[in-house]
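The structure follows.
Order of writing sets the labels: A, B and C. Residues in every chain begin at 1.
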Amino acid sequence: MEYFLEMKNITKSFPGVKVLDDVTLRVRAGEVHALMGENGAGKSTLMKILMGIYKADEGSILINGSPVTIQNPRDAMGKGISMMHQELNTVLDMDAAENIFIGREPQKSKLLNLIDREKMLEDTHKYFKELEIGIDPKAPMRSLSVAQMQLVEIVKAISADSKIIVMDEPTSAITEKEAVILFRQIERLKKQGVAIIYISHKMDEIFKISDTITVLRDGRLICTKPACELTDNELIRFMVGREITEIYPKEESSPGQVIMEVKNISRGRLVKDVSFRLRAGEVLGIAGLVGAGRSELAETIFGLYPKTGGEILLDGKKINIKHPRDAIEHKIALITEDRKLTGLNLSANVKENISLAALSSLAKFGVIDQKQESAAANRYIKELGIKTPSENTAVNKLSGGNQQKVVLAKWLLADPSIIILDEPTRGIDVGSKRDIYLLINGLAKQGKAIILISSEMPEVMGISDRILVMCEGMVTGEISRRDFSQELIMKYASLRKGEQPA
Amino acid sequence: MINKNGKRIINYREFGIFIAFFALVIILMIISPNAFARPRNLINILKQASINGILSCGMMFVIISGGIDLSAGSTIALSGVVAAYCAQVQGLPVIVPVLAAIAVGAIVGAVNGFGVAYAGLPPFIITLATMTAIRGLALIVSGGSPVYGLTKEFEELTNTFISGFPVLAVYFIIIVLISGFILTKTVFGRRIYAIGGSELTAKVSGINVKRMKLLVYTICGSLAGIAGLLVASRTVQGSPTAGDGYEMDAIAAVVIGGISMSGGYGKWYGTIVGALLLAVISNGLDILGVSSNYQKIIKGVIIAAAVYTDLRGKAKQE
Amino acid sequence: MKKVLALLVIMALTITGCGSDTNTPSASQPAETAQEAAGNETGEAAGDASDKTIALFMTHMSNEFTITLSGSVEAQVKARGYNYNVYDANQDAAAQADQIEQAVTLGVDGIIIEPVSVDGIVPAVRAAKAEGVAVVIVNQRISDPSAADCYIGADAATTGEILMRKVMEDIGGQGNVALLLGPMGSDGQVGRSQGFANILADYPDVEVVFEDSADWQTEPALTITENWLNAGKDLAAIVSQNDGMAIGAAKAVADAQLVGETLVYGIDATSEGLQAVLDGKLAASVSQGTEDQGRLSADACADLLEGKAVAEETIVDNVVYTKDNAQEALDAIKANG
């Protein structure tokens, strides 16, 4: 048996659209098989068929040489296939241990259906220890950060004793340090003969850990090759169908005057005495580990939460921001970390989302000028290259990259001078990422000031003019572009308690 | 309504209710051509749908914003009693009881709104409390029995016709059109949908969520005040026990009309169909001699069906 | 902190709302009514001061019938020189049983009960008797009358019969009638319906074409009647089990311009009902001797406490009020109120 899993000649259509066209995927036991492609290439549909969420129109699935039919996700799990989703599948009101064992809780007595809570906690504790995850098994999910929730998701998939684990963007919300832990665990799984299908847009990761790479484009299989036989550029060319000479297009910038000065801003224990200056036309990157307080800093500046100390000066004048409304009036924009929760109204359409922060400017006497609104929406759909059937399409139908562009459009319409971006390219395909980088460059050129919070080191180094590093709520270092290096950033980002920042 | 390929597809979530409504009307017309289908009866249905319809408009605002108001029925009683006291005074212009009723409703609504927006209480809880308290207040203020002996002008508020249409229906149509306009065409309305769709996103986008919620509940209370006024005029008495359970019919009309209970979704004209549908059911079943207990069962089934359709439509969209 | 304050506000509101529901020891204060304020003066002036207390337990205090009943009990209790307490069970049988037990524990001497449920309060009654408390049942019999000392009330079936006889007289014993009932299964509804049925059995030319409950409420009655009137069956009479619903039905009849063709009848003879009779909206309303029930039950309770003999059962007369005699009754109510 050369291959553990074979998905042969899979074809799947939805009304009017062929999503997968004769795609074949072969995965060996104990290998890490990367599945790559732009958003819309068909990766998630293929995985959903594997998980039993969809049924293929044509084609077959074989496990260990025998054909199988997968009825539903439960059936898939029963056959040893499990998936770690990009959109976290956690139950917020339960604690970590309960989430890990959900649906297969260890039982004290089969008859009475009593859950053996001690065993559950014990097992969870064991896994956490092995993986060096410092989370309390009893911690309610709600209290965990996005990154911590992801780690719990990882443990869930690992503990279900699966033979194939599909990992969908597993490191999108965790830092390099935590990713290393994951990769170590993946190594261990490989040795046990577990096959891993790894979906990610982070190229350096892909090349670091995968054995084989399969590329899909527009629903078709483009190639399947051993990772060692591919280069960066070749891979991108396969994915996108054209040369992309630079992943991070960066132009020379000439930052102008100081537009904002943040002085000794504090917010309880989350943000401690942060000060910095921001110039028009510059891109200021903020790097750091998860929990460093970067998002919290952004939220405080934007007025989402009240500050407990310090002041903000705009063009030299002190301003008082108590609510996002005030920030918007001062021409500040915040693209938040979690677009689904705080960036988009998923019950509304593209146009309604784009106009949301600038409604009063599109209205006369409180009545919305529908024509103006439509025109504005269409302008941004064109300018940002948002792929959508129309401005009236429900925004929840768009892919992640296009959704993010809608969020950007909303803020651009509000005509900000300062734009704060918190993880703007998380979970987005290469093509859209590049669009966003180009956009950032363009905005900086127009004289806007940009703050870019990112956990992806290559990204923050590729786009920023200067980087602030934060650790445990404080700014621990400032690095200018010519001194950029991953080691330097990591050093500042992981200053131990008690150590003095440079 | 236009899918990926640009083809028009029927959105069951939005139009299912219209289909159900017309089907029901046609069935009843066939079963009872001499009674149900008579013009005077159809006008009666319009009249009977109006009070619930007006209440439903207020409820619609609240539900779209992601909340609920259980106190609307009690507000009907209190505002009706207060209006009736004013209407007992001969010679007092009829505008006085009208304004009094609206004011009472607005105050109750503001109390609810304050509780939800500024004290952070779940709407279900605070409006449950006001529902009980305001009912008690109505009994106290009225001394336990209906306030009667009201002026003719007050009775005329609901007893006249405008070019063949009962004036109650005219009030309903005006209020529902204004509500629809606010919800679809104004910044205020758009913000209500935004809050219901994603409160956090609305806040981040600069919307003053607290103030909006206070306004929304005040609007609902004011419309309940108007409904109370109309009930008092229609029965020519201010009864402290009036409106008992009316908030349920209003919620039913809104839900049947396709407004999602989770907020942020739904078309205003659905509420018209919801209110008419409920009135048609009562009217048709009364004429056929079916006891009101069976009517309750049937209403319950329809509400469940409406919520089910809403949830399935929602799941399909995701 | 804000949340705590808010919760306190909620609790305060809820307690106000349930203010008439006097369950807890600390809240067992007499409910304030307008009549009580007036009654206070007459009570203190007449009779010897007595240390004994008579308590009244009402099903609810939210319509004129109950208010009139409790008002006349109170006036007579005080006139006889006793202390007076009243409890409102808000239509909850369990709550009423609790209230009775609690009052007995607090040392009440005599109790007058308007029962929420015929079975539900029997244990509480027995317990009260065991403590030597005098027990009078008013308006509605309990399932074990021997548990109490006596019963005073109107007979629901008799009330129904008397009204239906008047209706038959007025419509000449033939035609279609519609019945508006109280909440299905409630004792008022069951008894009165039985009375209606007893009389209707003798009139084969009268057909009951519609029968439905409007829960004692005016607006629902209006809506139902509106619909009935549109069903194309000419109605000779609409007979309602209380005045509240009758008033609603009368409005519908007036709107449909059928006054005089479709006659409307009610029960209770409340002031509103009597006014409607005088105005020609209702053809008649039958009283259940509300005032008398109250007075006689207070007297019976006082008599028991003074060691006098009391009849086991006293049925109060129903009176049919029409345009001819409604005025005096109305004046009487207004004088007392």
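Convention: a residue touches a chain if its C-beta (ideal position, glycine included) is under 8 Å from a C-beta of that chain, and two chains touch if they have at least 3 such contacts.
Worth saying up front: this structure is predicted, and the values here are computed from it rather than measured.
K.L.:
Sort out for me whether A-B or B-C is joined by the greater number of C-beta contact pairs.
P.N.:
Greater number of contacting C-beta pairs: B-C.
K.L.:
What chain lies closest to the overall centre, CA atoms only?
P.N.:
Smallest centre-to-centre distance to the global C-alpha mean: chain B.
K.L.:
What whole-Å value do you get for the distance between chain A and chain C if each is reduced to the mean of its CA atoms?
P.N.:
69
K.L.:
When the C-alpha atoms of chain B and chain C are each averaged to a single point, how far apart are the two points in Å?
P.N.:
Distance between chain centres: 33 Å.
K.L.:
What is the distance, in whole Å, between the centres of chain A and chain B, each centre taken as the mean of its C-alpha atoms?
P.N.:
43
K.L.:
Which residues of chain B touch chain A in the complex?
P.N.:
Residues of chain B touching chain A: 2-7, 185-188, 190-191, 193-194, 196-198, 200-208, 260, 263-265, 317-318.
K.L.:
Which part of chain C faces chain B closely enough to touch in the complex?
P.N.:
2-3, 5-6, 9-10, 13-14, 16-20, 33-34, 61-64, 66-67, 184, 209-220, 222-224, 226-228, 230-232, 244, 247-248, 251, 255, 270-272, 275
K.L.:
Which stretch or stretches of chain A touch chain B in the complex?
P.N.:
15-17, 302, 304, 323-325, 327-328, 334, 336, 341-348, 352, 355-357, 359-360, 363, 366-368, 370, 389-390, 392, 394, 396-397, 410, 414
K.L.:
Which of the residues in chain B end up touching chain C in this complex?
P.N.:
Touching chain C: residues 32, 34-35, 38, 40-41, 44, 47-48, 115, 118-121, 125-126, 129-130, 132-137, 139-140, 143-146, 148-149, 159, 231, 234-237, 239-244, 282-283, 286-287, 289, 291-293 of chain B.
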